[in-house]
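Chain IDs A, B and C follow the sequence of writing; residue 1 opens each chain.
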Amino acid sequence: MAKRDLISMEDLSREQVELLLDTAESFLPVLERDIKKVPTLRGRTIVNLFWEASTRTSSSFDLAAKRLSADTLALKASGSAVEKGESLKDTAITLSAYGPDIIVMRHPSAGACQVLSANTDASVINAGDGKHQHPTQCLLDLFSLRQTFGRDLSGMKIWIVGDILHSRVARSDIMGFQMLGMDVTLAGPPTMMPRGIGEMGVGVEYDLGRLKEADVIYLLRIQQERIKAGANFLSSLREYSRLFGITTARLHPHQRVMHPGPINRGVEIGADIADDEENLIAHQVFSGLAVRMAILYRTIVGYSDVSSGGEVL
Amino acid sequence: MAKRDLISMEDLSREQVELLLDTAESFLPVLERDIKKVPTLRGRTIVNLFWEASTRTSSSFDLAAKRLSADTLALKASGSAVEKGESLKDTAITLSAYGPDIIVMRHPSAGACQVLSANTDASVINAGDGKHQHPTQCLLDLFSLRQTFGRDLSGMKIWIVGDILHSRVARSDIMGFQMLGMDVTLAGPPTMMPRGIGEMGVGVEYDLGRLKEADVIYLLRIQQERIKAGANFLSSLREYSRLFGITTARLHPHQRVMHPGPINRGVEIGADIADDEENLIAHQVFSGLAVRMAILYRTIVGYSDVSSGGEVL
Amino acid sequence: MAKRDLISMEDLSREQVELLLDTAESFLPVLERDIKKVPTLRGRTIVNLFWEASTRTSSSFDLAAKRLSADTLALKASGSAVEKGESLKDTAITLSAYGPDIIVMRHPSAGACQVLSANTDASVINAGDGKHQHPTQCLLDLFSLRQTFGRDLSGMKIWIVGDILHSRVARSDIMGFQMLGMDVTLAGPPTMMPRGIGEMGVGVEYDLGRLKEADVIYLLRIQQERIKAGANFLSSLREYSRLFGITTARLHPHQRVMHPGPINRGVEIGADIADDEENLIAHQVFSGLAVRMAILYRTIVGYSDVSSGGEVL
């Protein structure tokens, strides 16, 4: 089997992104059946290696693998050799000896997936590495957008609001949104905005004065521990919420809200919006399943049938 | 699929309880085969969401699901979005996006299952919520009783001994035992007895003087942390053991002992009884598997074939 | 099903060891297919009960079971009834009620597997108990040796280097290596050498002066917490590394290095050797999968076809 890593959105061409989204779409009927399972990846082994807590991402990958009939092996840092001080390199060598087809990894350090990949024949899928990238989140966001607004997203205006500086989701999403022709604006306090980010061809706003221009508002989770960390960030959660929190009052009726979860009600998102079925948040979770099925499938069978339009079943 | 919650024993009619027990009985031959597996729930997804430590209940549900060929997804509070402060409501919305058929939940707060149910299309099964209810424990207890004493339990005398006040098992068992016509007596120190409990039609005893009247003695686990909590409970474990601990010396030969586990040898139960094969404790664990298979099955296919006698295979 | 425990290497005759290794070899083609799965143990239940942290051993058993299509149930001490103070005996009784075919257990106390076995009808496989035994590690080591050097290992010289005193791996390996006719030498500081060990028919060395006589060097993991524990062990990690650490400079070209993992780079093993593809460390991990498949299979179907040469597929 060829090795096909998905570590950064830069690993994918626009054609491959579109094929992945088409493949995900072709899995949707499976997810609507009573028996939500296909034998496609029977006997394949997928290792889920999570060095950080995760509900959404790890369970989404686990379930995606099971719906494709793959065998999964879940490893967590706690209770593992990692606690005994084993290096990532040696963990990689050990896991590789089992001959897994794919290793899905979340790790607190940017770049950890490259270390893993250099020491294994398995394909490596990045499920979030430090502040670097979270490409499968980006792909599911694109899928939710496409299912909601149609296949052509070009020219749509999307605002990403929050702590851009520390967000791997933002890094991946900016690339993915631009790849499909979207117009991206970043908004947040100056302390949460990476220097020189404007050079990536995005708009930068330090308040929400022009928020009405957005078609879609993508909220990032405010990590409360960062806020508490002190004066170099914002003075308080309440202050953040007042300036950048999104409530119905701030929203125009046509605007849709996205969030990678888990949400902080009353901080970056008002409870009224969290409870509004017009938001895309639950749809993103649902998309995660279809998109991760597509990613696992394409990682194993490849992207060579680009011309077929991605139909797999 | 219709939504069928099992949150409290009050959710079930007597006919439904009998059907569940019949269904469990029809699964027994599966559990005696070499290949203990039927394809009944293939492709169905069952989420096990445990906010509290559990060996018996979580592994029993997990294995029951596997024996029915369902896919399971296990989520624990530690290492999950819950640690990041996500609300139960938002966890419910997230999990629902995966389209699970059933969510089995254990939670430290009474009433949590209702919150979960209000925010999901999945059927919710309560695996223990605070001091409120533990209906699947009650159903397995009924199954063990019926397998031991025959289908007609009416008029049998059962004593529940221990900390009734803090026990969700007692709350569910009182309802279930009475539903099948059993005569229920509660025994324990006054500090462990809910006020006004006599109004539920049970006998109340503050010592074991009349214990010989019982056919079955159902011991509750003494939670040592409660005893240690101080003077408002009993003065010491030893004192509890002297007054309410059950040893062979206290037992008449015809009396059978039950316990939901895990047991405290030498506290509420003597080692001599724990080791006596006449007790029903291991049988209760075994029953848990058959009964939970039946509950998962009935939750998905429904109770409409009451007249058929519960045969499913 | 007959009960067949594997608690110590003493439980196996030489013929049974050879049959296990032959069986493992017959599973190798399965591990090289795209679909690495056979239906051999479908519907069988294997409980993995780990009272100590483990990556290699628990994931190796889990994956071995899945490749044979068995159902697995993983229980860890944390989050289980063990935390509530349940005795091993009562855990055994509880688990047995589920009717598992095999219980695989790792436990910090030597002899715990006997307690488990005395209280269950399931076959018990020891995945490491205190300082006592780790027979499946020994069997995979033998398999790696046989795959590397051929079926006849008699007369080969193997040195086991490190903390022999605290090592269950050493205890099992000495028995297994001798059973197949190997010449075993133990090397380490006097404080890490069991008294009277020479009576087992092994050589004992307190330095590496004669290391060149070895064909294979089996390094044990130095548990840093033991070294730190004080003056009754070696004065420092650096001192240990200087006297007993193996680097390329110390090795003759024909010598092969083994290690049960996880390794401590720069302590008992130099990074140069850890990264050298000539070492057998990754092969040992790979062997663990084939060997544990063989152990699970033989535990269930038995050893009666010794004359057939172990072919199972």
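Please note the rule applied: a residue touches a chain if its C-beta (ideal position, glycine included) is under 8 Å from a C-beta of that chain, and two chains touch if they have at least 3 such contacts.
Bear in mind the structure is a predicted one, so any value in this text is a computation, not a measurement.
Undergrad: In steps of 5 degrees, what rotation angle do you get fitting chain A onto chain B on the CA atoms?
TA: When the C-alpha atoms are superposed, chain A turns by 120 degrees onto chain B.
Undergrad: For the homomeric pair chain B and chain C, should the interface be classed as same or different, according to whether the shared residue numbers exceed half of all numbers used?
TA: Chain B and chain C contact each other through largely non-matching residue numbers.
Undergrad: Just how far, in Å, is the C-alpha centre of chain C from the one of chain B?
TA: Each chain's C-alpha centroid was found; their separation is 39 Å.
Undergrad: Pull out every residue in chain A that's touching 2 or more other chains.
TA: Not one residue of chain A touches more than one other chain, so the list is empty.
Undergrad: With touch defined as at the start, can you tell me which chain B residues reach chain C in the complex?
TA: Residues 31, 33-37, 53-56, 59-60, 62-63, 66-67, 76, 78, 224, 261-265, 274, 281-286, 288-289.
Undergrad: Would you pull the chain C residues touching chain B in the complex into a rising list?
TA: My answer: residues 1, 42-45, 71, 73, 75, 78-87, 90-91, 93-94, 96-99.
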